[in-house]
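Here chain A shows up in two complexes: once beside chain B, once beside chain C.
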Partner chain A sequence: MAAQRAGRRGQEMADDEAHTPLQAILLADSFTQRFRPITMERPKVLLPLVGVPMIDYTLEWLASAGIEEVFVFCCAHAKQVTSYLKTSRWKSQPNFKLTCIQSDDCVSAGDALRSIDQRNVVLCSSKVLGDFVLVSGDTVSNMPLKEVIQEHKARRTKDKLAVMTMVVKRCKPSPLTHQTRLGNEELVLAIDPATKQLLHYGAPNKQRQSILLDKNLLAGRQGVRLHLDMQDCHIDICSPEVLMLFTDNFDYQQMRRDFVRGLLSDEIMGNKVYTYEIFEDYATRIDNFRAYDVVSKDVLHRWTYPIVPEVSFSDSQATVNLDRCNKYREQGATVSRNALIGENTFLGQGTTIGSHSKIKNSVIGRGCKIGENVVVEGSYIWDNVTIADNVQVIQSIICDGVLVKAGARLEPGVVLSFKVTIGENFTVPQYSKISRVPEPTEQDSSDEELEYADSTGDDSGGRIYISANKVQVGQDGAGYRWFKDAVHDEEWKQSAAAISGEKIKELMAKQEQEEDDIQDVDVIPEEKLLSDEEESVDEDDNFEKEVEENFKRAVNGVKLENVVLEVNSLKLGYNKAFSDCAGAMFRAMLNLALETPHSTAAELLSTTKQVISKWSTLFRNFLKSEDDQIEVLLKFEELCLESASEFSPLFSKVVEELYDKDLVSEEAVMSWASEKAGAEEADKVFLRQCESFIKWLNEAEEEESEED
Partner chain B sequence: MGDEYQVVVVAGGSSKDLFPLVSKDVPKALLPIGNRPLLSYVLDLLEDSNLNNVSVVVAGHESGVRVGSWIAEAYHDRLQVEVSTVSEESGTADALRSVAHRLSSENVLVVSGDMVCDVPLGAIASSHKRQRAGLTALLCPRTPGEGCEASAGGVGTKEKAKQLAAADVIGLDSARHRLLYVASGSQLGKEVKVPLCLMREAGQVELHTDLLDAHLYAFNRELMLEALERNEKFKSIKRDLVPHIVRSQLKHGRVEGTLSCSAYVAGKARYCARVNTIEAYGDINRDVAGDAIYLTGYTVSGMNNVIHPSAQTGAKTAIGPQCIIGEGSELGEKCSVKRSVVGRHCRIGSNVKVINSVVMNHVTLEDGCLVQNSVICSNVYLQERVTLKDCQVGCGYVIGVGAEHRSEALAKKEKMPINYQFLQ
Partner chain C sequence: MVAAAMPDLQAAVDDFVIKLKRRQVEGSLATAKSTVLLLRQVVSHQRIPSSGPASSLIDAVKSVGSRLIAANSMELAVGNMVRRVLHIIREEEATIVAAQVGVTPVSDSDDDADVDGVPGLSAVALAAANRTALRAPSLHNLLESLPTSAGANVEPVPESDTKSRSSDKNSKSWKLKHGVIDAIGLLLGEIENYHSEISEQALEHIHQNEVILTLGRSRSLLHFFREAKKKRSFQVFVAEGAPRYQGHKFAKELAAMELQTTVITDSAVFALISRVNMVIVGAHAVMANGGIVAPVGMHMVALAARRHAVPFVVLTGLHKLCPLYPHNPSVVLNELKSPSQVLDFGEMSDCLDGTDGSPVHVVNPMFDYVPPELISLFITDSGGHNPSYVYRLVAEIYSPEDH
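So, the complex of A and B:
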């Protein structure tokens, strides 16, 4: 394996082939704002999922899957994450090494990986050595990693360009909402069924109501499988090259949008991405409130076994009792005899539930006080929350320290951030997000996709926002309603609330409409082909213009070598041959001659001769073969017919001049003549003009051969 | 079966692709394949499947008359065949339209007349009926050499693109039952375009380039006729009608209560090919004389070849395996015939070599001729010591003493057939 590693790492590794620890990079920042306003005060990876911070799920999975060393990359709220990890049991776990990397100036996964790469160069120990697993700190999974890593490594020994393997899983988006149950948009993947190579990663073309796949992906393959039913688990097995690729391409920001698509579209480097499909195992990322809701339920339903609440993998000491119907209760939770605890519930330590309260499909954290006659359905209540009597909480998320006063009502999709207070008998409208931190007004465009990275830590606890808007949170409430996300009406898509019946009806109507609209969006290839052609014509024009520009620069005194270099690079850039360069260059020379003032044809001829003799050295650089010379003649002919008709009477004279200057060989002229001999009469004008010259050439040749 | 299905055989006319093999005198349907007319393979297959109600549509009046009289003679007590004609310029969809008034059965089987195959048509017909599909298409795994597998490694991108242009792109579901996308490679623009709603319903589509659309379709009659009626500009069944039905299958599925479009993928062991290029004509003749000899119904000799009892061979003449020699042909001394088909009443002199070639009927090859990888049509006269390699010689052509030709199509001057679109 060591031989495969990049050179700069290879040397130190040469004597240490025996064992490379399995390593993982865990990004403890999702670089998005989906969990705002909660993430204003606490990093996402520390948000509790059924009573345990998300990062513990990820670490538990990595540890059980045999990963030996994890680099936790912290960015937003870095201090909170590091101090949590410092005291966590992961620090003292045997055979498991945890290294925290802090950074304040990263705004994307790309930045994070670049800074890890830099760190790798500097450090000698505790760094990324070989292939590694790249996950985000909000991943919940129970998949074994050994097999996928082996598959990845085996592929790498055969093909060094197979830099990444990503894990995918079947998950068909709903036909109505066009999103997966995790709230993700539709994703189109094209995979080569034989090799599992990923060929395309993107979204469907909504405008044209179709999925477009470059047809060249099919070329040379027996088939391609096109998926709309795959979910990207965001678990990647990467080669060390991935880090370097990020460093080399400093504009790569996001893993998927930039990096994967960049690799797929880059044919020159030829790096390849492969997929690994899992079937039974659980693997998913929580990157919006709907996913939070869905994954919480999956945990309660034990799909993530063995990572389930009653198996202690976090620091909490309390033991969890499991009743039938997935009722989990930590020791020390007190429930009134008259309270009704329904299926799929989790009650934390020290929580009390008042009489006649009904709890169903919900998670209630530790130290909460739930009053009497309270209804909690499909909601997530974190720690130390107080809910007074007669409150209804439907499909909402309530963070630590919230106080909901008596008679209040939370409609579906509500998010109450830390320490918010909701006033008595107040109804919080659906999808509202309320926080003690006021919504930032100015849109900072630079970190649009960045979690709020406050370096000050959690200091908001002490202050009390008396000025909180009463209209937004009710009498004697405290908190600000955030409106930013409420603007677009796509809110229902990614909230924790179930999709309402009305919305479903609306969508169904829309779908029927759409299906009726499938008129024959027939391919109109003719039109398309035409436009393609135009494009290429434009390109030809551009190429000739640029060559002419360069020629003019030569006229203005730029060194010949530089001009030759420039034109050669143009040739590569436009994918042209030497003959095209020669043609374009000749055209530029003729144009130069034309621009010089002249009154008669004879004068023009003499200036042309001067130009040709002056620039023959430059010109010769592009006349590598006979074909190039023929191309020049053809080009000249074309020009005489079109743009530079002034040259048409001089055609044969100029050809003779080219011959005299040894720019065009005898063979070239002869093969041009024979090529033209079969042409239509109208095209033979110039051939006839050159007849005498060609005859002379023929005779000269004969004489020569006679002499021999 | 007979009552539920009517069959339309689109038999073509004098296709330009097969110039100079076909002409007014020899329409495509009557081209000899292993010394039997091409169309007989399809008609026999229909007869075997008990699909008796057949309409044959021929392009061009003259061709129609010839095909009609041949069928009347050969099949008068076996199949109920009606032959009709359309103009030379008509597309295959026009051919279907022309017989629309005659169709009354619930399902219609549309077959291309240039197919040589052994896939049981009855199985396709009943699969179509069982699934209550609107359209069922027969797909065959491409034979090696024709597709990409032969030269998968190390070919340039241009080469690959060329191969793609020659292939069909066919989208199936993972179980390979449902047909979700059809396009011929040459028809594609820059992109393969799959309708989103179809993709949403199916979840995934496998796009195959290793399957060949055999131009055999079972249609729900009403669905087919409605689509034809609504879209007057449809010219070709394969290029217009089938993609249209596949694209809008969800709509039909809901209205008609039928399943959708289904695919019948033939087993790898099955033989299925179409005579649509000169190359294919040669290949299929060789196949039929060789491994696919069972298609012809001839009895194979111990030498693994078929020599008609009335054929005569001179001394020291060797006829190799995988050859067919037709009725009444005479071969001189010291000839060698390898992997070739020789038609009826040919007169072959001495010291003649025929390798990898097809020689049709009443052909005369004088002494010392060499014919390799070529096709020689009926009534051709090759004088002494003619050498032909990779050539096609049209009907009645005469080649002078000692001439040598390579990679040429030789034919008497005749107005070129103008039928470009038929059977594409």
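So, the complex of A and C:
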């Protein structure tokens, strides 16, 4: 009977999917350093999230969503990851196959995918991937995958170029949300509402408060929907071509910044990316401490159901009880009668909590000892941590084996890495990160490789670092403070600490300011943003940059003739006129003047004059006609308005200088003035500045004619 | 023990455990059915030793059963089915021992004497006869029969064990196994047919031009209404059953049957209950005291019905009947689901962290417990029963050792 059953099941499977197993590639490394210093000693995917390593969340989700084969790509601390997976229950799970791929030389997601592609070819044909799900090992989700994969496959059969489907989820449409929740930047997506094709992916331009779109996007479409309210879940359904694309374009490093934008801007190949929106389901990625905090809370709040603590999905055997107000307690956690356990808490097995301690909104792992009168709020304490009496821990992350001595205080945003000791009555300042491993210095070339060295667990125990610097960790403490990131301005955005009221107000003010602009964008994207000029902005930029490069070469001593030749060939290459060359060259000259240190406007003027006189011979090569000279003036005006605003008070002076050096003729200035006379009032600022000069020119002309 | 011997079976058990854990098995009917199928596999794979055949079977079923129950303590149907199967094994054993030793089985009916007199009768028939015998009379008899079987099990094996004896033994264990598998088959049939058994009683309960109120969706109720619709015309109010809104789907199904259907919000139940003649609902589980575990919102409906003296009728199969009491702390009576059913994550995402003020809490329980005093009648596949009679049903279909 059993055999019959098995046979039937086999048949069903064959009927269902004609059967290529659903596969996933899980990158067990995020290729960033945001979780440092913790990730110096343990890979990010093994860091516990509410008592369970992150990778278990991802694998559980993949397995329950019907994925049958997962390739785990390990990079940093590869040995730790593989040895963890070997002993885990994933190896013995029915209908679920786990393969670890190790690599030591990958520094980005792009490298990882290229390496998978190569192995794929090298190893054996049976391993060839079909469509696969590409996720990172820090994804927490409960979304079903069958539907999105089917949608992807259906699209693929119709259109071979639909190589990827991205999962997105709506979140509150404000820059505030992105930052407070996940610590990420805002994201603007342009999506074709009819086909769900992704047309644009990127952050809005902060300075100009606008979004640049290629007007070709509108061709043949009923409309384009711009989204500021989408969160990228970092779950991608990819076709095998994606791997090939990575191999072909060996400079692609990151999935989003390089690959997606590369595909979107590449019109020759015509590969397309589509989106899939999820509504009720949860999906997100933990890529910094803030996201860690937020996702932990979401798990405690059960948004990730059925992947929640009391449904045991990892190896731990302890049963978890759930009380009112999301209080989770594993069997074997001992809490003193007088201790106060508040809402949204998780207490692990073997943890003891002393009397009169207050725990709230926090996760405390297994085997921890919390003393008396301790306050723990909004913090994440991992396993075997000892916290002595009268300690305050607020919005901090404390790793395994840490010892916090009596009376110490951890201020918001503190991260204590493995086995750090904090001395008695010591106050750890905001946002400080303390580790037993000293911070690698800037010059240290092995910086990248440190994570790849196999630091076996007790290695750090072997060489004990006792910091001589008591200022950093207090009397009889042990550990080094890391400063590299602490000075980083945006620290508050990505730490686990709640964002202070001031910062929020600041953001709100900014947001209100921006709101109008956003509306503008929604209403008139085509006319305002999609003019020809904007379209070729990129190209212009490139051209100007290259001209500037050449100019610098001239400064550095390359012969003038050669530079002229180079620029001429650029002119041909970019299909530009002499006037463009002249404009670009002038810009380069101004930049040179700007770069030389100056304190007052007068000083700047004098350096500018020097530069102009020195390079006038070179410059003259491009000023063939009056038109070119007018172009230079227009360019100068434009520059003064935008990048080189320091020149705006000096506008007329510089124009005079150009006239004196005979670079700009009288006629050119006059025709520029007459051209501008008809312009809007706002545009006349510089014209007015030059009024006296123009007047003087006029008079000189008259005098000349009288003389005749 | 079982697992080591049978890798195939082990895989099947693991598979089901994982499915239960991931909450991928929905509804008590599906759960009960797969549990019974799995247990039948366990029984048929179990190699029965010549000494103590029944106890080895019981151990095997218990070891698998405890894993299944731990996987999802909220699916009470799993535990029910494990206990039913254990009860079946005990019964079979009692029958066989009785037949072998020649002691009259616990019954005073005349048939049983005949059964004993005919040695060629198949074990199945014997078992069937015995089962009816066990079920019929009283709790007292039921309890009395078991100790004798336990004692008899060891006693009748004589010291003079010969080859012929052992082969006889084998045939005995074979008989037991066969009997158990057969009885499990009957149980399966019972589970599969309970809809039709229940709906046969529809005409007795629903009368012409009545107004009936229900909450959420129930498959047995759908069959019940379909049967009633053949002879009667009546009207149904469906409370939508937030936050899962299964009432919407149910209303569609009813409308497709050409029933006059009205959807109302859960909060409108009290306003409309005065116009209603009867409330009929399905349940997730029936507890031993006659209370029910049902989709959230049911307690409110029951209270409204009591306030207006409207009969509150519960349709349930016997597989939902659970021998546990709701005050037992080991019985978790609720499951908290994702808040996404209640609130839109996108809209809420800024007030979940408590950056301004304290964060919003969302609680989304799946079930309500309705106490027995609010329930007027149970309609089961074995007929209509009062809540106060439920303990009796429990005693009939489960062995007290397994509670």
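The criterion applied here is as follows: the second predicted complex is superposed on the first by the 458 of 708 C-alpha atoms of A that agree within 3 Å, B and C clash if a C-alpha of one lies under 4 Å from a C-alpha of the other, contacts with A are read in each partner's own complex, and residues count from 1 in each chain.
Note that in this section contacts are C-beta pairs under 8 Å (C-beta built on N, C-alpha and C of every residue); 3 or more make two chains touch, one makes a residue touch a chain.
Keep in mind that what you see is a predicted model, and the values were worked out from it rather than measured.
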| item | value |
| --- | --- |
| Touched partner set for A:Pro193, first chain B, second chain C, both or neither | first |
| First, second, both or neither for A:Ser599, with chain B first and chain C second | neither |
| Partner chain(s) touched by A:Val294 [first = chain B, second = chain C, both, neither] | second |
| Contacts of A:Asp214 with chain B and chain C, given as first, second, both or neither | first |
| Which of chain B and chain C A:Asp229 touches, first, second, both or neither | both |
| Partner chain in contact with A:Thr304 - chain B first, chain C second, else both or neither | second |
| Partner chain in contact with A:Gln93 - chain B first, chain C second, else both or neither | second |
| Overlap of chain C and chain B interfaces on chain A (superposed complexes) | 172, 229 |
| Chain C residues within the chain A interface of the complex | 8-9, 11, 14-15, 18, 21-24, 41, 44-45, 70, 336-341, 344-350, 352-356, 359, 361-362, 364 |
| Partner chain C, residues of chain A touching it in the complex | 1-2, 6, 63-64, 93-95, 142, 169-172, 174, 176-177, 180-181, 229, 279-282, 293-294, 297-298, 301-306, 311-313, 319, 322, 325-326, 343, 361, 498-499, 504 |
| In the complex with chain B, residue positions of chain A that touch it | 172-173, 175, 178, 186, 188, 193, 204-206, 208-216, 218-230, 514-516, 518, 520-523, 525, 528-529, 532 |
| Partner chain A, residues of chain B touching it in the complex | 147-149, 152, 155, 157, 160-161, 163-164, 169, 171, 174, 185, 187-197, 199-210, 231, 244, 247-248, 250-251, 254 |
